[in-house]
Every structure is written in C-alpha cells, then in structure tokens.
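Two complexes, one shared chain (chain A), two partners (chain B, chain C).
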Partner chain A sequence: MSSETGKILTTDGIPLEESLKQAEKKNKIKAFLLVAPLLLFLIITYMIPIGDMFSRSIDDKMVTNMLPKTYKAMENWDGKELPSEEVFEAFYLDYKILVKNKTAGKLQTQLNYEKNGFKSVLKKLARKQKKFEEGNYKEQIMKVHKRWRNVEYWRAIKRRAPSYTYSKYLKGIDMYSNEDGKIVQVSEDRRIHRILWIRTVEVAFFVTLFCFLMAYPIAHLLATLPMKYSNLLMICVLLPFWTSLLVRTASWMILLQQQGIVNDFFVWTGLVADDNRPEMMYNKTGTYVAMTQILLPFMVLPLYSVMKTISPSLMRAGKSLGATPATAFFKVYFPLTIPGIGAGCLLVFILAIGYYITPALVGGASGTLISNQIAYHMKSTLDWSFASAMGLMLLLGVLAIYWIYNKLVGVDNIKLG
Partner chain B sequence: MSKKTDFVKFDKVDKSYDGKVLVVKDLNLDIEEGEFVTMLGPSGSGKTTCLMMLAGFETPTNGEIFLDNNPISNIPPHKRGIGMVFQNYALFPHMTVFENLAFPLKVRKMSQEDIEKKVDKALAMVSLGGFANRMPGQLSGGQQQRVAVARALVFDPAVVLMDEPLGALDKNLRESMQYEIKHIHESIGVTVVYVTHDQGEALTMSNRIAVFNDGKVQQLSSPDKLYEEPVNSFVAEFIGENNTFGGEVSEISNGTCKVKLEKGEIIANPISVKSVGEKTTVSIRPERALINPKDKMDNNQKGKIEEVIYHGDHTRVRLNLLGNSEFILKVPNSSQNLDIKLGNEINIGWNSHDARALDPK
Partner chain C sequence: MALPKYTEPHYRIWHYFYLLVCGCVFFFLIAPLFVIFPLSFNAEEFLVFSDGMKRLDPDAFSLRWYKDMIYGTKNPWGLAARNSFIIAIFATLGSIILGTLAALGLSSRHMPYKGLIMAILISPMIVPLIISGVAIFFFIAKVGLAATHLGIILAHIILGTPFVVITVTATLSGFDHSITRAASSLGSSPYNTFMKITLPLILPGVISGGLFAFVTSFDEVVVVLFLAGLDNTTIPIQMWTGLREQLSPTILAVATCLIILSVLILLTAELLRRRSERLRGINR
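Take a look at the complex of A and B:
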C-alpha cells in the first residue's frame, strides 16, 4: 500500500472519491425524490405560515398606506413644534379620501392605539371636513378640536410612519414605546400578558412534573409485567388517547364541577360539608387535573420504550453486587431511563405550553393560558398582528427550552421509541 | 485449614413457579469450598432456577439452601455476598469499566484508595489493564465478558455464580475464555457454580459436574467419571456420543450380564439392572469399539459400513450392527489401512466392561 493519502485510484484510474460519488448519485436522487413530497408539504404548511405570521406581526403598512401625502410632508418635520401648514394640508387631503372611501374607521382605531382619545378627535374631523374651504388648513383643522393644537397627537401620527414595527412584541410583554420613543411598562392595572406568560410556564412545568411522577411507575410496570397484563395496561393507557379531546375535557367538567361526581363523593364521605363544596373547575386546579390526564400518555410512551430496552438483569446485577434495591434503582436503573425522561418531559412541556382547548373549557378566568389569549385576539379583537407576535414569542420560547435542554442533556439522548 | 465439603448445600429443595409443575424436584447438592461445580443440562431442566435460588432472585418453594452452614432463604440478594456473572454480561452501560468494577466496592463504602487498588488488581487479572476508562459499549464481546468476571470477583465474594457466561461468544473466543476462567479459579480458589448447556465447556472447566434433567440431578461426579461411567441412559446420551442397544437381560453372573436383542446377544456390564427379564439399554462409547481387534474381546460382531465421514483428525463411520443402523465408530486418522469403504463388512469388537447396561429409555 502506498502511503499517499491524497488520492486513491480505482482499478480504472478514476479517483476513488469521484467514482464513489458517481455510484451514489442515483441513490441520492432517488432518496431526495422520496422525501420531496414531505419537504414540499412542510414548506407549504409550516415554513410559509410561520413566515407569514412573522411578517404580519411586524407589518405596519396600513397607516403608512392610508396617509401617503402626510408622511411625505412630515419628512422634514422635527417633531418639536406643531407641524407646518404643508403637513396639515397633506393630512386633510389624505383623510378626505379615507372618509370618501369609508375607510377612515380603520385609521381612527389604529391611531387610537397610539394615543388614547384620538378616535373622537378624528371622528369629529370627519364630520366637519366637508365644510372646509380651500387654503389655511392648519387654522381650520385646529378649530375643529383643540387637541389638534397639541403636538402629542401629531407625534402619534408620525410614530406610525415606518412600515414595520416591533410594538406588538412589546405589547406582548406589557411594554410599549412612549411618546419620547422610550420603552416603558404599561400602567400596572393593564399588565395582563406577563401574568399569562408566567402562568403558562408554571402550568406547563407542573403538568410536566405531575405527568412524570405518575407516568414513571406506570411505564415501569408496563415494561416489567408479563405480556398478558402489560397489554391490558397498555390499552388502559392508550384508551383515553384514542378518545376525542373534547369528550375527555367535557367528562372532566362533569367530574369536577361543584355539583359534580368528585364533589358528591367528598360530601358523601364527609370530607367536605355540602354547603362548602370546593371549586375544582374554572380555575388552575381544573387546568392541572385535566391537562395532566390528557398529556399523560405522551410521558408514558417514551418512558416505556426506554424502560423496555433496559435488561432486568442489570437490576439483578446491581443487587448481586451488594447494592440495596433503592441504591440499585437510583444508581443503575434511573440513570438509564434519563433519555426517556428527557423525551417525555420535553414533549409534555412543549405540548402543555401551547395548550388551548382544555384551559379554554375548564380553566375559567384564572386558568387560561397564553394560547387562549392568542385565540381571543384572533377571533374577537381581530388584532391578527398581535396574535401573530404572541404566537411567535411562544415559538421562540419553545425553541429556547429546546436549546437549554440540548445544553443540559443533549438532544442525542432523546429516545422516543 | 480443611476445606468444608458442604460450603454450599441444597437441602431437599423444591421449586415451582405456578403451583402445578415442579421445575426443581427434591434437590440435594453439596458443593465443596473452592470447588468449580457446573450445572449442566438441557434448557428447561431447572439448572438456571437453582442458580437463581442460590443468588436470591428466586425463593425455594420447599427446602433450604445453606451457605457456610447458614440458611440463606430469608437473606435478600444484596446481603448474600455472592458474585454473579450474567448471560448477557449485565454491565452497566452508563458507567465506565472502572465505575462498573468500583460499584460493588462503593456500595460497601470502601475508601477511594482501596477501590482503585482493588479495581486495578481485578483488571490486571483479566488482562484489561488499559481499559479502565472505556465504556462497555466500546468493548468487544470477549472484553465485556472479562469485565463482567472481574466485577463479580472484585469484592472477594465467597461464591461466584456464572449463568451461561460464554453463550454469546464465538467458538474460538469461547474456548480461550474457558481456559481463562479456569485459570482464574485455580489462582484465587473461589467457589464457582457455573451453569451451561454446553457439555464441552462443562468437561473442560469443572471439578465436578451436576447433570440436570427434568428438575433432578441425574449424576454428580467428576468429568472423567461422568463420561466413562454414566449411571443412567440420560447421562450417557447427554454427555458425549454413545451407541445404544435396547434389549432384555437374559442372564446375570459375576459382574457381567447377557442382554438379548432383537437380533443377537451382547455381553454387558450390569450397572442398573438387577434381575433376569429386566428391560435395559446398553450404552457403548464409539471409541471403545474397535475395528478388527487384535486382542480377544468379549463381544465380536460383524457390521456393514453405511456411511463414512472425514473429520480431519478422525473418520466417523456409521455401521449397521445387530439391527442398529446408527452404530457410530470413530477411527483415528493414522496410516494403518483398515479397509474402511462404503458397503464393506468389518469385524467390530468391544469389552463387556465398556458396554454398560443402564435403565431402559
């Protein structure tokens, strides 16, 4: 053998690497064609919507497009004093078109987000502008409402000039950029999102913990019982999994409500007085109970698949070497189940953090999560860009958890089955 | 110091898993201190169950097991101080070789210094000195096996149990490991109870072999005795090859007996036959029957060669003899010409001492 490591030739004299590439080319193309449909599907149903969500969350073109002349005229305005006649005129012309097209309402809403009380000012202008005479629009507009003399309102318009904004993200964590462009917290009575974020993480964490505590013994039993019992137990674990999510949540509502079965049982056993039935639903307790039950299989299955591969002789070996059953468990068995624990916890946590139906139905006011807030903005306020922003923040949170997990345990250690 | 002859003692042990079938029946077995005893038998014969009862993973349904005169049925496995080598090695995959070996010492709360000394010594014993920091997954099957042996010995147990430890290795490695385990046993003098279904392994390694069948010990004796003097037809059949003739005892006198077959008659050594008229199976080892014997022998028969298979060091010859068409002979491969050709009729002779009349099959 020659010691040359650079180029090894095949018997035909073609460099080995090239020959290998040639030989594998066909297989590579075949493999790619096989995954192509899925790739396409993922791009269309996953990558594009996420991209769309992102652009929607930072998109602020609406106001920009509604007031093109105004923003052009405002380019030279320093924002310290009231703007010049030129700006007033441009605003009047833009607004006139909006009123004519009956789209002024949108502008009113948008600017009202920026400065409270703007809506009524604009509405009044919409009524009065019909009688405006040509020239000296500054005077005429200021006459309509005295707030037009306040530079704050003009600054509010100017703030909406850029086509892109991160204000939705700030709103998601109860902050906003104030009139001076500084990022500050909203007043205390309006800080609702941060509480929701904290509650979401808290619920996800505890649901994961409860799932883990319950699933570990079940999975162990499943993995060690003789086949005929373990199959039955497996069906018991999977049966709720095959039942509709709504049905399961609804049955929890029947069980947990104040006149429900669980409360009846407590009263019957004398644990609680009949007139003092505890509320177990429409609060966090309901969310915890129902979500833990619903997410349990996601913890059991990865744990089971890992435990199944652990040879029973390992525990025996531990004991025969002198370890007490507890030591053998914690030194031998438990470390070997860590890949399953990691997979199960990650799965349950990520599912729990974006959970929607169950908290919406049994959560009540104190048990709703961030996903319910997102849905609220999608369906009720129609503030889709804010919903998108919060959705992306949730996604980033999940990615962050994944990253931390990778640093701590290593993704290679995950075993899903 | 005299060795205790009943260091490990099974006393009338029965074991049943389901309450219907006894997998171990009335087992009585004494194992001497420092002895290498093999439990040999076909699968399902109860040998592994016996080992598990000794290790403490199964409890005897009836009877008692004594270790150094102490009953151990109520002692949990981790307090018995018995080392064990498992079939699939059972190394802890998340620990290095060093940590695996240190495990039994750590749970015994030894000092770090002692642990290191002992682990080094144990690794040197199985010639794996430089492998302390490897993970078990990075070792070959044979190396993993050595680690398992070292781990079972590192805490100086009184008894080491081995449950078919070489089953997963290839033939050459298995043979070299057999010698290695035998030498380790000889050098440290630990009592070893070894389970296998491979008779070659049992014959190579053991001081004594207990042949199991049907939940019972059929015979407990040294390898040579077991092979030369099987006490019943199961042992004769199970250990090595043997040629059998079924027949009826027609005469007993002076330590020999005559057995009448369907065709002809042979003179045999009465082992488990007592009276005329009993049914019996006569067992003859292939190498004890000679072709064209020079000396006079008790039995002389003519047989027709039906098959000749060349095996390198010897030739296997299958004959039709006295109505038995499965009569096997092993002819050493030497230069002497015995005229072994397919279809030839040849003279076969054997001594009555080597034809053992055992229980009927």
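Take a look at the complex of A and C:
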C-alpha cells in the first residue's frame, strides 16, 4: 500500500498519467483522421502537381528524346567547326523518324526557341529529305539550305542536349545563356517579359492603393452608422461581391466603350468633344477602373470588421483630452485599423497580381499582365514548361509578399470577414 | 449621422465632403450592375441606350434577347447552364463533406501541427488562381480526366474547400465542447452526437461555406478554360467566349439572370450570418 502512494490509479488499475496519455493519443489520432481525407486529397491533387510544375519547368528531355542518335554522335564533337559526317547521318536518321511520325513540328518549334530561323530550315529539310540518297548526308543536307553550313545551328542543337535546364526561368526575365554559356539579356526589341512583370506589379500596386483610398471612408461610414442604415448600405458592397466576375466585367465593357455611358456623360458635361471621345477600354485605364471596382469589396470587408470592433469612446476620449479631430484620428483611430488595412491590402494585392480575366477582356494589348502570358503559353503555344516556370516565379513573389507581411504585421493579425 | 449643433463650420464642410465621397464610392460599386438590367431589354442589337429607350418608348423594349437565350438556334446557354449547375452542386457537396470533416479535426485541441496543416488546407485560396489552374490542369490531364465533368468537379472541390474550412472553423471557435461531452456521458454514440448536437449548431457555417464554394464553382473560369472540352462548356465559359468575340445583348440577358441569382445568394448568406451570430451569442 505504501509503495503505491506516489501513483494514482484508475479503476482499471493503470496509472492515471499513462491512461491520460493514451486517451490524448487516441484523441490526436481521431482529430488527424478527420483532417486526413482533405489533406490527402489536396496533397495528391494540388501540392504534388505544383511540385510537378517545378520538374516540368526545368525539364528539357523532349529534344533529347527526339534526337537520341544525334546526341550520341555529338558526344565527341567539340563545337568549334562543323560536325562530322557521322553527326549529319545520325541527325538525318532521327529527323526522318520524326517526320514519319508527324512529330517534327515539335522539334522545329523547340529548336526555333534556341535559334531564330531554325523552323524554316527544318521545314525545308522535311520536304527534301524524302529524295535523299544513301551515303554522304553531310553534302546532301548542306545542299538543302545554306544555313546548315553555319556552325551556329549545330551548336544550338548541342545546347539542347542536357535533360535539365534553367533556360525557361532566364527567358521569363528576358535573359538567355548565349553560345559561350554566358547569361546575357535578349536584344532590346524582344524584352517583353520584364515589361509584363513590371506592369503586373504596377497594376497590382495601384489597384491596391485605389481600393484602399476608396474603401477606407466607406468602411468607416458602415462601421459608425446605426445598424439599420449600415445594413442597407452593406448590400452595395455585398451584391458586387457575390455577383459573377464576368457579369461585372461585361458591365464595364458596356460603360467604357466609345459610345458608352461614361463617354456620353463626358460629352454631355462638355469635358470632351463628341467627335473626340477618349478611348477608355482596351488600355490600362480600363484595367484600373474595372479591377478597382471588382476588388473593392475585398478591401472593404476586412476593414469593416476591424473598424466595427473599435469603440467610439476612444475617439471621444482623445477629443476630450484636447486633440483636434485630425489628431485624434491619426493618433488613435488609424493605428487601430492597421490589422484591417494589412489584411485588405494583402488580399487585394495578391488577387490583383494573379488577375487574368478582366485584363484580358478590357485591357487590350497594353493591359496584358503576367497571368495572361501564362494562360497564353498554356493554351496557345503549349509551351507548358515556360508557363510553369513563370507560374512558379509568380508564386515565389507571392510567398515573398506573405513573408514580408508576416515580418511587418504578422499573419495572426489578419482579420478576414 | 447628424452632427451636433456645436460643430464648427469647417468640420461641418469636411463632414459633408466625407459623405459625398462615400456616396460616390457606393455609386461606383453598385451602379455598373444596374446598367446591364435595362440594356438587356433593348429591342435593338446595339449595346447602347437607343433614342427610344431614352424616351421610355415601350416599342424600344423587348424580351427578344431572353427568348434568344432560351430558344435561340444553336443555343449554347441551355447546355452551359445544365453543366454549370451539375458541376457546382457536386463540387459544393464534395467541398462541404471534406471541408467540414477537416474543420472538425482542426478545431480539436489535440490536433498536431495545426498551423502547417491549416496553411496547406487553405493554400488554394491564397495561391493566385492562374497558378492553381496550371497545377490542377497537370493533375487532371495526367489522370486522364481532362474534358470530363468529373475532372472539373474535382478541380472545383480543390478551390471550394478552403472556404468551407474557414467558415466552419470560425463557427466552431465559439462552440462549447462540453455539450458534446454531456451527450457522450448520457450514452450517445459519437455519430449520434455529431448528427443531433454538433451538426445542427454548426450548420449555418457549413451552409455559408457551401454557398462560397457554390459561387466559386459557378463563377470559375480560369481553371475551367484549361480543362473544359466542347461537351462541358459552362456559363462562365460561354460568357467569356461571348465577351471576347462579340458582345451580344443575349449575354446581357444571361448576366441579368446571374445578378438575380446573386441577389438570392446574398439574401441567403445574410440570413445565415445573422442566425449564426445569434447562435454564437454575439449581441449588438
């Protein structure tokens, strides 16, 4: 009896501590089992595919697999002068199979990325190679097009030999590794992606700013008005929030067109002449206006939920202690709303930076953003590895924003809805 | 918001300026939606207010585009609406089931690695849609479900669950766990406790999360554009194609119907929110 005093036993005779541990473990497993289906589902359908995007973005096996003999023959080629007959023959044999299987188009596109003008050369070869005679392929190939005498084109093929490449990432920031393996910028007239990145960040930044400037006063009004008025006004925020994105974009397309209501109004007020109606759609103006209206509710709602919790007596206390309304606002009210500002800005900025539909419809050429480019490569050029690379660069940017935000404000301070 | 009588004039002016700014912002938010409404009854083919409409001439208005939407030749809207509803309903069900279970697990205090798991579960909401679209497309294409309803439903479950997880977790944060313990101590089985005690109490959160999931699916176009074939065209896809090619008034008729739908959803969501706040004892 005396030796047992240190331990309290349950009715089953097991020490209480152990029994509790067992129960806790059971609860842990129970909780985990509830989460497991969704967690597994998301890992399989979402997290692994994002990883897959990474392996695709550095994957370069396509050309390697299409020209197996060529690369084997090229192993001993130093790349200084034209390759030997052996390489030419291997290339001819590889290419013949591709033409026969009707997959030569892919090779043409891929090699054209590497060296401009490769496509036409290869297409010509595809037509002529049917009449080739056996032996001396070097002569025959070089006769088809004089560019085959140019060692640059062979080096371009050789550059595609490794199965992995970071060239897609370089391309995403308008760089490439040149013939000597140095990383350089592409020629000035072909630097399109950097413009797109800058424009995307610029649009996201200004849309966030406009949203903040417009949302702050109305969130304040909604939070301070008596319930029966604020509920009514809240509909003005919630109805657009629940309305289809495409419907809202369509209404902006109608409003902003040249014969549209906004222009009619400008003409009516005499701001612009009837025959000189400004173009407000298919440019950045349209993107800014439409995106600001569409994303505005996402700024209002977090701001509102934070402002709702701020007691009006704080401002009154400030004023009664002699502060002017402006001072009371900036010293008392504004600092208290910072969690809401942070949440709203983060939300709007991240939504804006990945925006795709509205810029594509009202943005025109100068309103295209990085997401449009990703979608274009996914659907039109089918350069999925480049789309993946750009997507991951965008994702990295978004994660960096989260990280900075977490350092500055703290994610725990976010209040949503 | 009446100002007290002793307010100084320049504050009074400032206050009216503030109200004016607020009025402009509310107008900016809501007015665009109302443009669609009258134009969808336009008798003509143009997307501007005709002179007849400005005079409120009855002949200038017609139901022509609504008829076209329903009976039009080679009409894509019927199929699109059916697909949209089928996909959205199944995606919502899937999201609700997976999301609610996960939220129940997450709000248990025994759950290990809560922060990390929560981050994974809500990541589809945080990652820009275009990236999710690319990733989901790779998965769906790999398992051979591209251009099938099932593929799109799976994609929309991924996008919809974070909303359910968030709303149900929020509802559970005010949940008194001693009620379920009381039920168990009175001999109720865990399943019975869940069905009779927990579920009715968290139902508002579940439904409002479900509404979010439904709207997300019903309005989703980025991922669907990657995944859909000709047979699984949805309303957003048809609107997207229509808006890109030519803006016909039929689209406005569809848009009007969608606005009416969103009004209904808004009303439901508001009622639920109030009920849930009442249940959680948040008094104003």
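What we mean here is this: the second predicted complex is superposed on the first by the 369 of 417 C-alpha atoms of A that agree within 3 Å, B and C clash if a C-alpha of one lies under 4 Å from a C-alpha of the other, contacts with A are read in each partner's own complex, and residues count from 1 in each chain.
The definition used in the following text is that contacts are C-beta pairs under 8 Å (C-beta built on N, C-alpha and C of every residue); 3 or more make two chains touch, one makes a residue touch a chain.
Computed from a prediction, not measured in an experiment: that's the story for all the values here.
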* Asked: Between chain B (first) and chain C (second), which, if any, makes contact with A:Val332: first, second, both or neither?
  -> first
* Asked: After superposition on the shared chain, which partner residues are touched by A:His145: those of chain B (first), chain C (second), both, or neither?
  -> neither
* Just chain B (first), just chain C (second), both, or neither: which does A:Met214 touch? -> second
* Which holds for A:Lys319: it touches chain B only (first), chain C only (second), both, or neither? -> first
* Asked: Does chain B (first) or chain C (second) touch A:Ser311, or do both, or does neither?
  -> first
* **Superposition-derived comparison: chain B or chain C, residues of chain A touched** => C
* Touching partner for A:Lys72 - first (chain B), second (chain C), both, neither -> neither
* Report, in rising order, the residues of chain A that make contact with chain B in one complex and with chain C in the other. => 325
* Structure fact -> Per the touch rule above, chain B residues touching chain A in the complex are 55-57, 76-84, 86-88, 90-94, 103-104, 107-108, 151-152, 155, 161
* Structure fact -> Residue positions on chain C within touch of chain A in the complex are 1, 11, 18-19, 21-22, 25-26, 28-30, 32-33, 35-36, 39, 47-49, 98-99, 101-102, 104-106, 108, 110-112, 117, 120-121, 123-124, 126-139, 142, 154, 157-158, 161, 165-166, 215, 218-219, 221-222, 225-226, 236, 239-240, 243-244, 247, 251-252, 255, 258-259, 262-263, 265-266, 269-270, 284
* Complex interface listing, chain A residues touching chain B -> 311, 313-314, 316-325, 327-328, 331-332, 335-336
* Asked: Any idea which chain A residues touch chain C in the complex?
  -> 24, 27-28, 30-39, 41-50, 52-53, 56, 214-215, 217-218, 221, 224-225, 227, 233, 235-240, 242-255, 257, 259-261, 293, 296-297, 325, 350-351, 353-354, 356-357, 360-361, 371, 374-375, 378-379, 384, 387-388, 391-392, 394-395, 398, 402, 416
